[in-house]
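What follows is chain A paired twice: with chain B in the first complex and chain C in the second.
Entry: the complex of A and B
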């Protein structure tokens, strides 16, 4: 082609033009054929929204009727966050969030397709309509609520305080004068700093450092997420979670794409109905109890019917 | 009961799942590499062009792909493309496109380098023998470039296979993610399983990449004669 200096002048010009065209094709070609080959079987999200033509990019969700017509709901879940969402040795999804998802699929009369998501990509999966619903231990925050529509909550989390059984801390006032362990960057650190600035707080970078500090007595109590505290004290004899909910409670809820009011309404109704049969208490028994043990009543974590 | 955690590997379908994850990594990396070779060869030849605009366009393409982390490219093709155009690619297809774009750019640069390394007198001798420009390319320049190219291309393949560990972020479960799922699943009962699972993944990567390197060495010897 145009590489060769021995070519005659007109031929080189022709070859160069050809080269230009080829180069452009290299760049555009891939993107182009990618767009064409999109219309695969499970990409109904892009085309099937009634709103997509008018509002352009963002609205590409499926409402309840479309999900039922397609016969499958796509739910984004964690695949490596036991006991909320994980994959068992058979390759099946299991966990607290999965039980909920299975029930939604059952009541909608559709198959459930679980899509593994990471914490950081949960919002993107919803915004792009790649999943209809996120059930991935999704904490409700004002910032996230600007981008997705949260449903009514099905779980709550707060801070918890783990301490030795021999010197249990059961009230936040008991923490005064004690060495309190926290992990840097957690809500526990900010909560204590704002509410109890004069408490004696020791900060560690990692969870393992914090737990070993509590184990060898460098600290008297460890303040962390209550799920964390409960799970850890269940596995470590000699320690108890004396306070299972401290500070402002955050809620965990499912989320749908912004504006998918039809699906949100259906799911919120479903959640209220599930509350009547204590669904999430059964879910707790099935999936969380083995981790959190008997030290705490399910009511500390479980929310029924969206009523916190 | 001292639980070493190695039993976790043989529980249920765990080994099959790991191999399935490895296959996902492999077919994406190898398909992307096939595309990269097919498109990278003409791109490399064009990069040695004297036409300024061609060189400029290809240079911009190469540098753009190099500057952007693969993860950003994956997000652009998986999420942003859908947001902006409504085109909804599957995670696998998005990954394949990104790896092919990356591979084509790298491969093109390797080809360019290999061709540039062919001494000037090779062209002149070939022309003196009466070969036409295309014949010079196909019979003189490209065969010699291929030999220089081979080890570099193989290096690119193994890099691609290892970089597939990123695609889990767009929802494609590959071997490393399967491993993390197994580790997490056994976090409470077998905390030491992580060591065995990661060792297995290490072995799997090795078993795949080592034969590829050996094949390349064998080919090099054969081409060298």
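Entry: the complex of A and C
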């Protein structure tokens, strides 16, 4: 035992020391790498040259000519947020955002490849070039506009609060001391964090998880876009949208990677053209009317040609 | 990478690290106790122990923790049982870790020569004291490498509990990525915190294993 022990011990010690050194080197490398790339976005946010917009991970967007040459546009959409973007029983994407995406593909003359995204991953999917365009009920905010280029809006929205009929929340002050459910990366999360930092918020990654939690009584209210709250409470008996309009009125728009001005210009022209044929009112009739019925009039939600 | 951002995020990460350590610690204690009970039950061939534990071990080892957590958090309420995310996390980790710990203890117990327990019994020790004073000390020393590997595995497995809204390190990192879009800062801190938690555990485990090897005989 002793000879083997003596022979192996120093080697083991050396091995673990080596591991420690390597791990430390990786950490330093990571920090250094991130430091490099961050000096990039800060300076280029002013918008000098898209090619240097971000180092390493970026300048990886495709303009209109490249998308048409490749024959496919990749669009990031929700897969679990009916009636805006969801997957039906046949496995096909359906919803208000999808109708818009299909039309873009048609007018570009390319196939559409839908990529499912989570609310919190929408910006990173654009930044890393995983998608060309996000059409995922994306509310326009100043913080997001620093990271992505928004198109002209095609919907308008405020926040709404869904709660059980038995204990309805009808005023934002009632939320104090209650457990409030939100989806990570949504405007509801940001709004509550900035306006009511003391409120008790539980955050979920997915819409289905948030709604399950509300159904299971894990929270007293769910704060989300009023479009979503109204749609969900219409479909789920026992729950009401006690507050239909909370916080600032926002717009919803598509977004492309920062600096992809070519694609943005094409899409904005497309949006103005679609406005001339009242495309989004038809889209509303097709996908949203059955959900909202008489609760909402189309003009309260739909924006044509980017004219709010 | 903005140093001021890192500094601003630090308190939230520290709090989250505490939350991660809390479920990792409780899960580790729970799974060790569960594993020990199962291994001892198998060792003494308690009636019915083999089939029951075999089903549990296969179920636990062949389903991912994410699925177990989903079942506990989103499934059980349908049966009228609503547990908080912290309870679900600890129960899930215990359920997952218990089978790995049981296997570690079992291999340790089986590695102790049968004549050890036979000699102890022949010397007049009862089965309980024989286990406690003779077999277990040797078995646990032999099981230590497997035990520490399982511990590190379990600590790393805690990184999925944000799917049931438990505010661990990943949950906080996702917060900052989603709200402030400071992706590189949030991820760098995430890596750093897991390393700060796990490196000492790894190095401590290696040192402990070297020490325990002195207790071995005949090799």
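Here is the rule we use: the second predicted complex is superposed on the first by the 163 of 308 C-alpha atoms of A that agree within 3 Å, B and C clash if a C-alpha of one lies under 4 Å from a C-alpha of the other, contacts with A are read in each partner's own complex, and residues count from 1 in each chain.
Rule of thumb we're sticking to: a contact is a pair of C-beta atoms (placed from the backbone, for glycine too) under 8 Å apart; a residue touches a chain by one contact, two chains touch by 3 or more.
None of these values were measured; they are calculated from a predicted model.
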{"item": "Touching partner for A:124 - first (chain B), second (chain C), both, neither", "value": "both"}
{"item": "First (chain B), second (chain C), both or neither touched by A:265", "value": "neither"}
{"item": "Touching partner for A:140 - first (chain B), second (chain C), both, neither", "value": "neither"}
{"item": "Contacts of A:185 with chain B and chain C, given as first, second, both or neither", "value": "second"}
{"item": "Which of chain B and chain C A:90 touches, first, second, both or neither", "value": "first"}
{"item": "Touched partner set for A:249, first chain B, second chain C, both or neither", "value": "neither"}
{"item": "Touching partner for A:172 - first (chain B), second (chain C), both, neither", "value": "neither"}
{"item": "Superposition-derived comparison: chain B or chain C, residues of chain A touched", "value": "B"}
{"item": "Chain B versus chain C as contact partner of A:205, first or second or both or neither", "value": "second"}
{"item": "Footprint overlap on chain A, comparing chain B with chain C", "value": "1, 4-5, 12, 16, 19-20, 23, 27, 30-31, 34-35, 37-38, 120, 124, 127"}
{"item": "Chain A-facing residues of chain C, complex", "value": "1-2, 74, 77-78, 82, 162-163, 165, 171, 174-175, 177-181, 183-185, 188, 191-192, 195, 199, 202-203, 206, 210, 213-214, 216, 218-219"}
{"item": "Of all residues in chain A, those that touch chain C in their complex", "value": "1, 4-5, 9, 12, 16, 19-20, 23, 27, 30-31, 34-35, 37-38, 119-120, 123-124, 127, 143-144, 146-147, 184-185, 189-190, 193, 202-205, 209, 212-213, 216-218"}
{"item": "List of chain A residues in touch with chain B within their complex", "value": "1-7, 11-12, 16, 19-20, 22-24, 26-27, 30-31, 34-35, 37-38, 40, 42-43, 45-46, 52, 56-58, 60, 79-82, 86-91, 115-118, 120-121, 124-125, 127-130, 235, 290-291"}
{"item": "Residues on chain B engaged by chain A in the complex (per definition of touch)", "value": "11-14, 17, 39, 42-43, 45-46, 48-51, 53-54, 57-58, 61, 75, 77-79, 82-90, 93, 97, 100-101, 104, 115, 123, 127, 133-134, 136-137, 141, 168-171, 173, 177, 180-185, 187-188"}
